[in-house]
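Please find the structures below.
Two complexes, one shared chain (chain A), two partners (chain B, chain C).
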Partner chain A sequence: MTAQALTRARLTRVPGVAVALILLCVVFAAANPGFASPANIANILTQSTILLMLALPMTLIIMTEGLDLSIGAVLTLASIALAMTAISTGSPALGLLAALGVGACFGLANGVLVAVFDIPPFITTLGTLGIAQGLSLVVTDGQSVVGIPRSIELIYSGSLAGIPYPILFAALAYLVTHVLLYRTRFGTYVFALGGNREALKVAGISVRGMLIRVYMFGGLMAGFAALLLTARLNSAHPTAGIGMEFDSIAAIAVGGTSFERGNGWLFGTLLGVVTIGVLRNGLNLMAVPSSTQVACIGALVILALFIDGLRGEA
Partner chain B sequence: MSTTAIPRSARNRFAMSGDVMQMLYRVLALLLLGAVLTALSDVFFTTGNILNVLRQAALLFLMASGLTLVILAAGLDLSIGANVALSGCFAASVIKLTGSPWLGAGVGIGCGAAIGMANGVLVTALRIPSFVATYGMMWILTGVTYYYMGGETIHGFPPGFRQLGSGHLFGIPVPVYVMFVFLAIGVFFAQRTIWGQQIYAIGANPVAARLSGVPVERRLILVYVVSGAVAGLASLIVLARINSAQGDIGEELTLPAIAAVLVGGTSLFGGSGTVGGTLIGALLLTLVLNGMNLLQINSSWQPLATGIIILLAVWIDTRTRRIGE
Partner chain C sequence: MGGGKPAASRRECGASPWGIERVSSVPVLELRGISKEFPGVKALNDVSFAIDAGEVHMLVGENGAGKSTLMKILCGAYRADRGTFFHKGQEVAMHGPADARKFGVAVIFQEFTLVPYLDIAQNIFLGREFSSTLPGLIDRSRIHAEAKRVLDSIGFDIDPRTPVHKLGVAQQQMVEIAKALSQNARILVMDEPTAALSDRETELLFAMIERLKRDGVGIIYISHRLSEVFALGDRITVMRDGRRIASLLPGETTPDKLVTLMVGREVDATYTRPDRPLPGKVVLEVKNLSATTGFSDVSLTVRAGEIVGLCGLVGSGRTEVARAIFGADRASAGEIRLNGEPIGSSPEDSVRRAVALIPESRKAQGLALARSVGDNIVLAGLRKLFPSRIYIPRRATKAARSVIDKLRIATPSPRRPVSALSGGNQQKVVIGKWLNANAQFYIFDEPTRGIDVGAKAEIFRLIDNLVHNGAGVLMISSEQIEIVHICDRAYVMRAGRIAGELSRDELTEANIVRLGMHQ
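Now for the complex of A and B:
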């Protein structure tokens, strides 16, 4: 597919996500007067930030025809590492470093297992999901880690010139990923990893090295997201991030990134994340329990993929 | 012609002995692990514990036997644990409502099969990769189960029904008999029927299978329906054993079942493996988990150990395949 055709394909997909988003907004606004208030909209955006920070690298990973099921569990473990380090040393910076360390280790492990050991991504990350989840439970003994320094909490609740910090962080993360994907050689190689891996090999690029970097990026972003998660909960909990990988995969699927053809669309992921955020918030306002929200997200994804399939055949 | 025929039959014999060797290695590992545990723990080699291991292995094998067919067809079913939870809760409330275990069993197995059918349709008609489709299904089922149960617990089933999970026949737990029945059915179906052989063919090379006239879509839906129905049956054994139903009864069953299939020598890439191997895999995995219990290792280590076992099993599989090529 040429670059122009790709752009056109992406443009034709804009309505899909956007229409879903607008429809959901209209329905929820009609059902609940509190939905469209500025405070609630700011709330939706702030709550979507953690998901966005996971969905961005996940988009890249899915573009390489990979998957990272471990990202929620790694987020949890990183959050625990952050809380424990910050409590014992009193330094949030060292805590963040610990979280990034955990993320980088798991990213590296995922990358090496996928690229060097040739283990399929979904089974690799299913295994590391078990490992990260097990470690989280073992380290905390199933209990919450509480008593983190107050300065960490401010990272989630504070704001700069009226814009909440989490949104600034998420915007920065989006910008960095956008530049990486569309403006650097790294991004071009990511596209090639999904679409034309042979060409990459022929061009003398190390496919293994590239794959490892993509998974490392996922781990590091999970480490950064752990900062927001810990600040939001004002604690770390061994089950806090379970299922986040499902939300991020759902956001990407709704956003129009294909699991098969390896062509991803970062802005679609952003829209997908906001759509999931709106859906969860609207259902929250209607007092629908969290586990049922998951089923609704699943239904939305199946609908999106179904429409995607219809379009693909048309 | 005759010169090519001889090496081919010779190669076949080697391939055969290779499979037997693989199985022998696993039995050896099983015995070794048993010996180590006997040495480390006084309780391990007692009748009570061995029967306990067999009972646990029976449930694991049951779930893994259906999954084996899916993986033989180069698919994956991550929804079986959540399937157990939903089918179990439906079955439990039907038993409570009507007082009839048979009706409850029918609903449980039917619900499991319907979920399997939905998986099959997602994979074949919407062409969603099986691990994505069944992973999404897992979360949807969990959501529906929690919604349906609303945090409640259903408990207290008729004694006759409870025999299925906690009863004994000639001193051996009933689930162990179920295990052997399913072993016989599974081995016969996979090795001796045309449908079974078609599943192998799809796993080995779906394009070639289609070109040779195998109805690929229908067989794929079949394996997911079987896997789902077996999960529905497993849910009945869980109910009968613990005498109650909650939203989280299946949560910790999926990873071990996948591990049992892979440790049993079925290739994640499809087309090779046996149901008999899965039995050995289930026994091996149960021994590991039982051993961790006996050695008083915190149960939080179990998902970690299972994760590492899965990665090791797939890594060995990838290596053997590469050497084979």
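Now for the complex of A and C:
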């Protein structure tokens, strides 16, 4: 292969999401000088952390040819549980435990309904989305939960050696998920759940057990993310997580994970999350309203998949 | 892959990792007097079968002869109703797949059990990953090293880190074989392993089979290709109608004798073909039709008042041709003419032009199972019944009643759900729905599958009535005896092409099998 052909081959292997990310950065930097400032970049990354913590487990769920629509609503409910527990006990740790408990319960419910009762993931998680969202509104009476201990807020605003805490948390979450997916039996079987369940059965692995674990992982990560969300808002709000499932599924689609045959790419999800963060931030700087941003994200998803599709044929 | 060289030159490449087993007179595994019955079918009747270490045992027979059932019993997927198992001369119990694995039986099915986005090594050791010294993690380098060792031992030169989705069918098959051998398989069952391979890939597979033989692995090889049977087999077992007909050495038989053994059935008197008037004008003409679904250069004609058979082995492209003629799949080349006019390529077009397809899978493709008998009957004829495009329930019920009477469908009312009917009556509903559409050309794909003998005769009478009234019929059936007794003519397909045409006088089971087998 000539050097030129080799370069071309490498170029075509650059995923669509990287192209989209670079293009967006260039356009926004040109349109607004403030975009490329270190402070704004840190801002983008910090704001992407909660989405990343949801998109990571969602990637695994989608790799099993499943879906978790409830993840945003579970995030909300976990955040409320955290705030209420922390306020009444004065202990942020107990608050986190409550949030993890809510996440685990919904993860288990999703997993059991999908794996044992064979209800399609779309229907199952649409139902639990409604339940979690409804509960959030009921227990808060539609009001924000305020007055949480000051120490929780520091989790979002504090930093270590100049790196904001949320970024450290998100980095840890990414690392854990990466090791889980690529270095453990659990991760290997996630590939098989979407790729060939028969192969798992023949190998004597419980398909149901593995599916339940995948959805549990999603619930627990939503519980962790609730800590960041509550700290960021310095309160819990019953509508704070609405639309987060849309953003995380969009990030995964943009990141090149296919919804078939267990073809997932965790780093692509990271890039997808940052791309959506960049898009929202850049549009904010251009004073584009939030509702229009959602439309832009939708267009981005279709564009990214369209580009990937074109290159796949080439 | 390193194949191609003569197998003998590899002997010095090192001993097999599983140790060379002495070929002894005691078979590794022996089945005696195996019987298996499914509701209404005696799938296996007192079959005995043995496999020696280091032999290739070919298993041949027509579709439905019982080969697959026997293999499923061997790997523990089914339990035999009667019969005993012997492992190296000892009587043993066979309760399920775990027992089969214990005796070293592994099956390479035509559907692979591989995970596309894991690499070769991870697939080989799926469910048996090596643990790392770090708790909870897997030792990837050990998995890759062990996989490399297994792949080397079968002469498959490939990086075990390659993801499986990047492999071709032949390479995936090699991975399956490596997977089986890594689990210490001593008996390898291969179900038509060359069905999807090119000539070159087939050669490589054969080289590997030679290598496995030398390592003392016993291979049970199911094949429809006579050339393979003689090239590869150390022993040949012929099955027919759930019985073992013969076990022979390749030297003591010929391809012709083998075909006779496979067919050798008494003429069945259930179906008698009534005299038919001479066929009329050409209804359907297919010229050089090809499609990516799996056939090419198919030409055939069907005249009015004539039943034409389309036969060949399962997978030879019969159904695909039927679907393309109907317009359910798009053809890539060639032309289809109905009554001299070229027809478009959509089912809607076919229905408008009165082509009827009675599909292979009654429940999945032929019927709206949740709806009533009446709804199903009027479905294909909606356009004819209601030219104004407005549905008139009274007219629909009347039309349905007339079909129910004409075909003698056993249902108390047109409103009964079609799922409540027996198989034979359901099939009549499928046919009835086309009567309403006034179809002039019918394609029947396996019209008698899952139907009892009495209903079969009725279905045939129905088909006969259709041609008497001037329709043309193309009939696909795996039951060669049906083709022989019902059809006026037949085309035999092999590997996606028409292998030959048989006139009324040439139409015998032996001729169908001879044309359909890979020579």
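By definition in this document, the second predicted complex is superposed on the first by the 292 of 314 C-alpha atoms of A that agree within 3 Å, B and C clash if a C-alpha of one lies under 4 Å from a C-alpha of the other, contacts with A are read in each partner's own complex, and residues count from 1 in each chain.
Note that a residue touches a chain if its C-beta (ideal position, glycine included) is under 8 Å from a C-beta of that chain, and two chains touch if they have at least 3 such contacts.
These numbers were taken from a predicted model, which means no experiment stands behind them.
Peer 1: Would you sort A:G147 into first (chain B), second (chain C), both or neither based on which partner it touches?
Peer 2: neither
Peer 1: Once the structures are superposed on A, label A:G90 by its partner contacts, choosing first (chain B), second (chain C), both or neither.
Peer 2: Neither: A:G90 stays clear of chain B and chain C.
Peer 1: Regarding the shared-chain residue A:L305, is it in contact with chain B (first), chain C (second), both, or neither?
Peer 2: A:L305: touches chain B, not chain C.
Peer 1: Applying the document's definition of touch, where does A:G127 land relative to chain B and chain C: first, second, both, or neither?
Peer 2: first
Peer 1: In the superposed model, which partner reaches more residues of chain A, chain B or chain C?
Peer 2: After superposition, B is the partner touching more of chain A.
Peer 1: Taking the superposition as given, does A:G195 touch the first partner, chain B, the second, chain C, both, or neither?
Peer 2: second
Peer 1: Touch test for A:R183: chain B only (first), chain C only (second), both, or neither?
Peer 2: A:R183 contacts chain C only, not chain B.
Peer 1: Output check: A:A203 vs chain B and chain C. Expected answer is one of first, second, both, neither. What do you get?
Peer 2: In the superposition, A:A203 touches chain C alone.
Peer 1: For A:G34, is the partner it touches chain B (first), chain C (second), both, or none of the two (neither)?
Peer 2: neither
Peer 1: For chain C, which residues count as touching chain A in their complex?
Peer 2: 111-118, 122-123, 126-129, 132, 136-138, 140, 165
Peer 1: How about chain A: which of its residues touch chain C in the complex?
Peer 2: Result: residues 179, 183-185, 188, 191-192, 194-196, 198-200, 202-205, 261-264 of chain A touch chain C.
Peer 1: Contact residues on chain B for chain A in the complex?
Peer 2: So the residues of chain B in touch with chain A come to 76, 78, 122, 126-129, 131-132, 135-137, 139-140, 142-147, 247, 255, 258, 268-269, 298, 300-308, 310-311, 314-315, 318, 322.
Peer 1: Taking the complex as given, what residues does chain A use to touch chain B?
Peer 2: Residues 67, 69, 113, 117-120, 122-124, 126-131, 133-135, 137-138, 141-142, 243, 246, 249-250, 253, 259-260, 289, 291-299, 301-302, 305-306, 309 of chain A touch chain B in their complex.
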